[in-house]
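What follows is a single structure, written as structure tokens, with notes after it.
Order of writing sets the labels: A, B and C. Residues in every chain begin at 1.
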Amino acid sequence: MTDTRISLTTKGGGVRADRLFRFSALAAGLLVLAILALILVTTSREAWPVFADEGLSFLTSKTWDPASNEFGALAFVYGTVIVSLISLLIAVPVSLGIALFLTELAPRRLRAPAVTVIDLLAAIPSVVFGLWGILVVAPALYKLYQALHDTLGGVPVIGSLFGTPVGGGRSFMTAGIILAIMIIPIITSISREVFATVPSSDKQAAYALGATRWEMIKGAVFPHSFGGLVGAVMLGLGRAMGETIAVALTIGAATQITPNLFAGGNAMPSVIVLEFSESTGEWTAALIGLGVFLFVITVLVNVLARLVVNRAEIRMKGAVA
Amino acid sequence: MTVAVTPAPVDLTRAALSVRRRIVNRIATLAIALALLVALVPLALVTYTVVSKGLDVMSWRFLTDNIVNSPRRAGGGMWPAILGTLLITGTAALMAIPLGVFGAIYLNEYGKQKPLARVIRTMADVMTGVPSIVMGLFIYVTVVLAFNQSGLAGALALACLMLPVVIRSSEEMFRLVPDELRQASLALGARRWRTTVTVVLPAAISGITSGAMLAIARAAGETAPVVLVTAIVFRPEWNLLEPNTTLPQQIFNNASQPFAVANQRAWGAALTLIAIVLLATLIARFIASRYSIKER
Amino acid sequence: MSDFVRDLEGSVMATHDRPNVHIAAGRDASPVVPGTPVMELQDVSVFYGTYEAVRGTTLPVRQHQITAMIGPSGCGKSTILRALNRMNDLIPGARVAGRITYHGQDIYARDVDPIQVRRHIGMVFQKPNPFPKSIYDNVAYGIRINKIKGNLDDMVEEALTGAALWDEVKDKLKTSGMALSGGQQQRLCIARTIAVQPDIILMDEPCSALDPIATGKIEDLMHELSRQYTIVIVTHNMQQAARVSHFTAFFTAEVDSAGVRHGRLVEFNDTGKLFTNPDDRRTEDYITGRFG
């Protein structure tokens, strides 16, 4: 036995500091949950009078008349749906194409510049897109709309989509196009991640059987990535539904439900930002209520999307291991 | 005795591939390349338009004068909005970045795959998708109704938008720090907190900084929450407890005006905003590339 | 496993009671005078949850001498090593049964602080892991956090000298520790460990990621270090254990009736004896390359 009595039991500041540090970190993490819960609680409470008054007709009635305290938001729900659909129809093929380009086609030297293009697209603030949309794109598209209306307006059934364009071009269609440009980056980046997890052995197997590149993509890449791509599209949808400013500037600010894509309309987030400052009393509560509804559905879409993407990625990585 | 048989010559040239398959492949390749162009064209157009129209109205006076109090009038500058953007975004960053890094420390160093950490991680991702207008309403209902519209309220809203982004990007950076470094520090007798602060954090700092700069760039361009909770001013306002104005808000207001002078101001403000955002993005990329964690 | 076969110079096995391992020249085959034990392991097992990864380990760690732990992969050598400085605590569900004492104190007693244990029992890892800091700051790190009193520059120089690295780096102390070669990095990690003046140094396969020349330098260093410190080294290289250590513990893996593998200490002995005339038949089989 040695004579040095080495102490192994010093307690003191160290352990306490460790505990305090860990607790602070946990508190910061919990802040996320707290804020989300607070958002729901405080906005619902503020909007409650309108929910109580209108009940379900808040969402099913299309009469939005602040002057007579009638608040039916169906027109805005419709607007959100239409604009989101248009943007997805344009953005999804483009995003998939870009993602495929980056993972399968691009020569090494082009890869970094191409990624930069997408990053820059994502960095442009939505208000700048809205500015460009209202002052440049809408007037330019107006002529196109008129041409389309003249040629296709008479066709039965789909002709109603190509109705008389509203002056200036601010319409569902324009908002949808601008929105498409804005959601391309997020769909592209998730799709890239998904494509990157396709095992290279599958791709090699396709080539070894004599497939062309496109056949390889169809046979090896798409089947593996389907789940993840669904998630990517859902995330794009979530972003499209919540985009406020660019849509507010380009959608035309009219409260109506019409199949005419060239007509003006309004969407949930945009009507909030457009009417909020002049609103009072129950009108304000109604707008807040709209915000509650928007919050709930975007959270739902995002949660579902994340679950779909996570599960698809786990399945793919598991298959490789 | 076998006789060697020479096989019939096989066609290995490109012509052997059926025309249809070749054409389909060619079309697909073109379509994919076209997709990139579809993304490139709007980027180029927007940049060109903002730069050319913005330069038309840009001048030193534009950057330093106060805002005109009527959209019909010409002239005036954007200084109050520039100041507001810097103040409000800066304050939001001061709130969101430390909290975000701490949250990321919890997720990667303590929580890892435990159920609570998984929930927080997923909810942070979900929170990045919350529309900015909803954050604006949230701050309006909690802060503005209790007090008044102010720059601070705007900063709070932006901080809520930045927080989940900072958490997730910082967590990725912490994950990249090799575990062996933590083990080496612990084996020397360091406590967890000291290991995290003196070894893990410095190793991840460049990635965290670049992630934070990107979050700042995004926050600087936010409009909707500011419109709701920050009111508007025409003179520079240094007091965050008072109403203020930002560049995105000015762009929004001026864009929807029917007056040409207002539209011109909007382009100028847009150019200024893009310059700020671009600067933050470039700094972020520079830091990330220069000081990245060396893969071992 | 094939490393052992490769390491045996000459491929022809001698008769089975004459294992074909060369003990370092200069070291006679006479038994080593055993030093006083600074650590004692008594029937130690390590569990991960309900799985008993290694069992039945009883051996002393003797002061100022080198104890090697050898055996095939997966038989618990590293697990036991990490139990000695409570690094196993970092693995959720890890549990130690049996008794491990350091200077007579049970290091797993309730009031023992693992941080203090690690202050006295240091560790060098398999893959060199210097901090992304300067060479100086790497060595000074442990000194600073443990608030060891003294002139920092002197202590850094002393540690680097003790790790046989001072001459190579004295002009570039402020450069990054990660810019050194693999062997230099490992010596930097050794310098970092001895800078806190530990009692015992645990080494977990310290040379397995290094080339033969760097390995040789570190083995020479170990002889020097054992004068001042006590060393326990895990190695899968039998030749190295034979060259370097005074005592050797041989571990093996056994499969129980349910088909589950457990590691177990088979034999602990004077190195010379273990490699020339081992007590246990299994040791002999391993050393002659008959299995493992």
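The rule is short, and it goes like this: contacts are C-beta pairs under 8 Å (C-beta built on N, C-alpha and C of every residue); 3 or more make two chains touch, one makes a residue touch a chain.
Values in this document were obtained by computation on a predicted structure and should not be read as measured data.
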item: For chain B and chain C, chains touching each; value: A
item: A-C against A-B, pair bridged by the larger set of C-beta contacts; value: A-B
item: Chain closest to the assembly centre - both centres taken as Cα means; value: B
item: Per Cα centroids, the chain farthest from chain C; value: A
item: Where chain B and chain C are represented by their mean Cα positions, the distance between them in whole Å; value: 49
item: Inter-chain centre distance, chain A versus chain C - centres from mean C-alpha coordinates, in Å; value: 55
item: Separation of mean Cα positions, chain B and chain A [Å, integer]; value: 15
item: Contacts with 2+ other chains: residues of chain B; value: 191
item: For chain C, residues contacting two or more additional chains; value: 115-116
item: Multi-chain contact residues (two or more partners), chain A; value: 14-15
item: Residue ranges of chain A touching chain C (in the complex, touch as defined); value: 1-2, 4-11, 14-15
item: Contacting residues of chain B [partner chain A, same complex]; value: 17, 21-22, 24-25, 28-29, 31-36, 38-40, 42-43, 45-46, 49-50, 99-100, 102-103, 105-107, 109-111, 117, 119-120, 122-127, 129-138, 140-142, 145, 160, 163-164, 167, 191-193, 196, 214, 217-218, 220-224, 227-228, 248, 251-252, 255-256, 263, 266-267, 270, 273-274, 277-278, 281
item: In the complex with chain A, residue positions of chain C that touch it; value: 36, 38, 63, 102-105, 107, 109, 111-113, 115-117, 120, 199
item: Touch list for chain A against partner chain B, complex; value: 14-15, 17-18, 20-22, 24-33, 35-36, 38-39, 42-43, 45-46, 93-98, 100-101, 104-105, 114, 117-121, 123-132, 134-136, 181, 184, 188, 212-215, 217, 235, 238-239, 241-245, 248-249, 269, 272-273, 276-277, 287-288, 291, 294-295, 298-299, 301-303, 306
item: Complex contacts: residues of chain C adjacent to chain B; value: 85, 87, 90, 115-116, 118-119, 122-123, 125, 127, 129-133, 141-142, 145-146, 178, 189, 192-193, 196
